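Below are structures written as structure tokens.
You will see two complexes here that share subunit A, one where it goes with subunit B and one where it goes with subunit C.
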Partner chain A sequence: MKKLLALVLALVLTAAAASFALAEEETIRVYTHMGAQIEAIKDAFEAANPGVKVIVDNCPYESLNDQYEVLLSSKSDEYDVIIVDGPNTAAYVSRGYLAPLTDYFTTEEIGAFSEALVKQGTVNGTFYSAPMGDSCTILYYNKALLAESGVEFDFSQFDGVNSRLTWTGLIDLATQVTKALDPDGSRGILFPIAFGQVSEVYMMNTLPNSLGGANISEDGLKVSGVIDSDAWMEALRFYQDNVNAGIFDRGLGAFEGYGNFYAGKIPFIVMTTDSYNYALAGGMKPEDIGFTYLPAFEGHEDQVATACGNWTAAVSAFSNHKETAGRFVNWITYGEGNDLFLKQESMVPNMPSRFTEELYEVNPALVIAAAESGVTSVPRAVTPGFNEYCAVLNAMWEDIRNGADIEDSVADAVAQLDSALEYYAD
Partner chain B sequence: MTLKKNLTRALLVLGLLLISVIALFPILYPLVSSFRTDQEIYQYNTVFQLHTLWPEHWTAEAYGALFRDYHFERFFLNTFLVVGVILPVSVIMCSVAAYAFAFYHFRGQKPLYALLLLTFMVPGEAIALPLYQLINGLGLVNTYSSLILPSLANGLTLFMYRQAFKDVPISLLEASDLDGASWFTCYWHVVMPLCVPTTIAMCLMTFVNEWNNYLWPLLAARKDAVKTITVAITAFKEENVVHWNLIYSSSMISALIPVLLFLPFQKYFVSGIASGSVKG
Partner chain C sequence: MQQRTIRDKRDRFLPYLLLLPVLAFAAVFKLYPIFYSAISGFHYKGNWSLRTYQLLFQDSVFINSLLVTIRMNLIMTPLQIVLSLILALMVNNTMKGIGAFRSVFYLPVTISMPVAAICFSMILSYNNGVANTMLNAIGIGTQGFFNDKGQAMACVILLCTWKGCGYWMMFFLAGLKGIDEALYEAARVDGAGYFSTLFHITLPLLRRTSLFVMVADTSINLLLFAPMKLITDGGPRGTTDVLMYEAYRQAFKYGNYNKGSAITSVLIVFTLLIVMIQFRMMADRD
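Coming up: the complex of A and B.
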């Protein structure tokens, strides 16, 4: 009888211990378009946080923003950590999608991030999205194509601070190279120069920015007086003239220029620094990948602007595991997880102290980012209507690329955006 | 006269050949490109030449990678499972409902029928958000049920069946009734066998619609365990890279299944659709 009682007690105790252990298990879910990259490093977080399991769900890149609108407007508690495009922070906060990160980051930790990235993740003085990295637009060229063309050019003369190529200089050079390589068009060189993220404000707005144009009004609620300014009109005319002249790419969609550059179909292209490793993965030899500072407009060398900003990690306002989700966000942006992430992605670091020799070895193009970061980098428009801003201006850039009248296109964009942004005025 | 006839015939054949090439090109190009590397796809995509249509180096690596690295068999099984449940249940549900609308008279029949017809006139995109909220509220997100339930009742299938049933002579049903047949016997043993083309057409249409469904599976089934092919394919377009050969190879396999079904049943499909389209 005593033995039976002991057995029953042992079983009860074991069951209680097991249920306690199960109760201690906590699962957080991450939603991102970088599923493979986060999946590869999440084990380190789980190891450092016993009892926590991280599940990563991947979303197609192009559908991510739409998915968030559906999930978060439905107040879904399915995801605890969401990976958000930095400029969307203000919009998501205005819709109540994000939880503040102030409980999971000390003031010193927030202060360690690059200033522009903190600004991007802060709304009304509260920090909501922590940067996973930064980005920088640079000019790539195919060294093998240049050598084959016989056109000689010394890119080492530019240091980015005191000297860099001008757009006029680049157009001359790219035209010479293309004519030498493919005089009759039979070789299939597509265009002398391409914009990797063509018709997207991230990359295209650097043109008016480099002439002194802003992205949006100070309060983020108006584009009139901004995108119809002289700087913008000059930039748009410059762009359309060169598309019409066959210098800049036409017909390729955003990101379609990347593969064509890797395959030797485009000699010069504006891409981000992390494209270096994608070029290697796309079959380019390291010795063929050339890169230099983004060109300046003549007479505006002191106003040159590069794009910046990147993906951020945030805690969903509807998460039931905010504490653990906040710890994960800290780990992947500020902590050890960010080192692992950066090495894998070779992305521009989110703080100056993370520019290391080790990182330059993984991606030598980051040298350019280090020089541009905080000097020429211009954050994208900070506005709660960022989605609307992108939708209207991306379409405007594309229309102008396809030959639409510049004045009419700008006037339409101003009317649409001023009216759409008015919604957020209150 | 013979020369003129032959010339006309040759021109006709040439014209048809040209149209065939134009029609086949969107299938031919992805098919051959699925057997080459991404680099080669870019290499020969700008100036049209022999290697634009004929790979320089044939490789089935993309097909291997689909199953080795991306476990595509899982997404195929998921899609088969979802379509495999929707197809019979939807056809039976809709045909039974159509039977009621075709052969019975009840209060509110006309407004109810009009309401059902509206369901296939409202695009899926318009109801995606409330539908997601409903499925989420029921706790069904990321389950097979979330993919199956919203597709079971289909206004178009109901409409087509009702139109086909209207063509069945009422005397057949009256005779069955006199013989003591139940409504189910009449439906299953008398009416349905007379509407085989409609059943085949509706099966094919439902199969293709569900097989190619993208928006709803994207919203409702994000986990790999329940993800369907159309959503899985989009993962090959990343932020900085587009894996064209993987997109082409997965699309080819995905397209093959509906094509294999359509080929033997296409004549039924046409007659099934036609039988439901001319009656009031």
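Coming up: the complex of A and C.
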């Protein structure tokens, strides 16, 4: 009987100890479209934070914003850390989705990030989303196709600061290359020039921006007087004329141009700096990947604009583990985790001090980003209605690409957006 | 006597008891969302208000969506019903191998709408779709299809008609099988031709089947969503932006649940009105 009692006591004690240990372990959940990338580095955070377990759930990029609306509008506490597209910060704060990060970052730490990225993550003076990296749009070309075409061009003459290609120059060059490679269309070269993220404001707005056009009004609540300005109309006409002339791509969806560039079907393409590594993964040889500064419009060389901004890490306002989630956000954006993330993603660093030789070796295209960053980079529209802004303007760019009347399309977009953004002004 | 009373009571309540699970499911998953969205539509920024509806009826996007929904359904629903009836009449015979034809016509129903939508978007792709390759080969030239504002709605209608006709055909076929063969015999003896038999015997006797197909098809078509979500995103220039997609966009893309709910409520009322009209039109006059 005594033995049995001792056994029961031992079992009870073991169970109690186990439950105590379980209670000690804290689990935070991360929701992202970069599941594999964060999964690959989260062990380092767990090792540095004993008793903390990180679970990463992946969501397709196309559905991420919709998923956040469903999860966060229902005040779900399922996720502690959410990876947010930077320009959405203002919208999410206005809906009460994000917790301030000020308890998890010192002022010095926030000040170390690039100024534009801090601005993007700050709403009403409070810091809500920390940048994981930055981005930059550059022009890629397929060196093998250029060599095969026999068209010679010296890209090394451009330094970005004093000289860069013009759009007119690029169109002439790309047309020559395409004609030489595929004179009768039998080879299947799709288009001379493509935009990787076609019909997406991130990339397309650089055209009106490069003619001096802004993205939205100062208060972020109007597009009238902005997207119907002369700069925008000129850019839209330039774009549509070149689509109609068969120079710019038509019919490809956003990101479809990437694969066609890797496969040698498009000689020139505008993509982001981190696309360099995707091109390698897509089968291109390093010696075939050429890159240069984004072209300028003739007579507007001093106004050239490149896209910037990137994904940020934030703490859900409904998290039950804000403290640990905040530590994770600090780790992956400012701490050791960011070094691991940048090396893996070859992304533009979120602070100037992180542009290192080691990073340039991983991705030589970052040289361009370093030159453009803070000089030509234009942040996306800062507005609480960023989702509406993107949906309407993406559709407008797509319609214009498909031949819609420019004046009518712009008027439609202005009416839709001014009306939608009024909701935030009330 | 007492035993009989208990049995009577039990018999009276048993059907309700058996129906309870279904009613509970309908209440939770059908009625509750309808009431919730009806109430939500009367909120604006957390307060009871008519402002959501006021803004909605001033919104050119919503008005366009309403018109697109009406236009699409005015074409698609009659087209599907007529084609389904024609298919049913064609396969309603006893020739050898007719089962194979019925299977072929029914086959699109077994493919899920997202899969069908993706297949159509590939076939009708601007750059490398099979349709454009064939059109180019015969000298017609490349068409925009889902990218062209004049063709996008027609392409969506084509997809939904291809996918839906086989399903409605089966209902018409069942209705045709239920018509007494003796009536056709009598008509033949009286010297009635094919069209005379069709319009004076077949169609009148298919009235109830037609009513069901019409109401069900209208409801399904008014709630059409997948092709817009997967292919057109409501474009080009809002030409395929139906109410269901606009409600989804407002709620889940813009986070404006009140507006999404208001659009859903309008859609429900609109669907009920159409169905009521159809019931009145098809009511037995005798």
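Everything below uses one rule, namely that the second predicted complex is superposed on the first by the 405 of 426 C-alpha atoms of A that agree within 3 Å, B and C clash if a C-alpha of one lies under 4 Å from a C-alpha of the other, contacts with A are read in each partner's own complex, and residues count from 1 in each chain.
Here is the rule we go by: a residue touches a chain if its C-beta (ideal position, glycine included) is under 8 Å from a C-beta of that chain, and two chains touch if they have at least 3 such contacts.
Remember, predicted model here, so these are calculated numbers, not experimental data.
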| item | value |
| --- | --- |
| Subunit B versus subunit C as contact partner of A:Tyr278, first or second or both or neither | first |
| Subunit B versus subunit C as contact partner of A:Tyr61, first or second or both or neither | first |
| Touching partner for A:Ala263 - first (subunit B), second (subunit C), both, neither | first |
| Which superposed partner A:Ser73 touches (first subunit B, second subunit C, both, neither) | both |
| Contacts of A:Leu190 with subunit B and subunit C, given as first, second, both or neither | both |
| Common interface residues of subunit A - those touching subunit B in one complex and subunit C in the other | 70, 73, 190 |
| Residues of subunit B defined as touching subunit A within the complex | 37-39, 41-44, 46-47, 128-129, 132-133, 136, 141-142, 218-219, 222-224, 231, 234-235, 237-242, 244 |
| Subunit C to subunit A touching residues, read off their complex | 45, 55, 58-61, 125-127, 144, 147-149, 233-238, 249, 251-257 |
| Contact set on subunit A toward subunit C in their complex | 65-66, 69-70, 73, 91, 95, 190, 250-252, 385, 387-388, 391, 395, 398-399, 402-404, 408-409, 412, 415-416, 419-420, 422-423, 426 |
| Complex contact set, residues of subunit A against subunit B | 31, 33-34, 57-63, 67, 70, 73-74, 76, 78, 185-190, 255-256, 258-260, 262-265, 272, 274-275, 278, 281-283 |
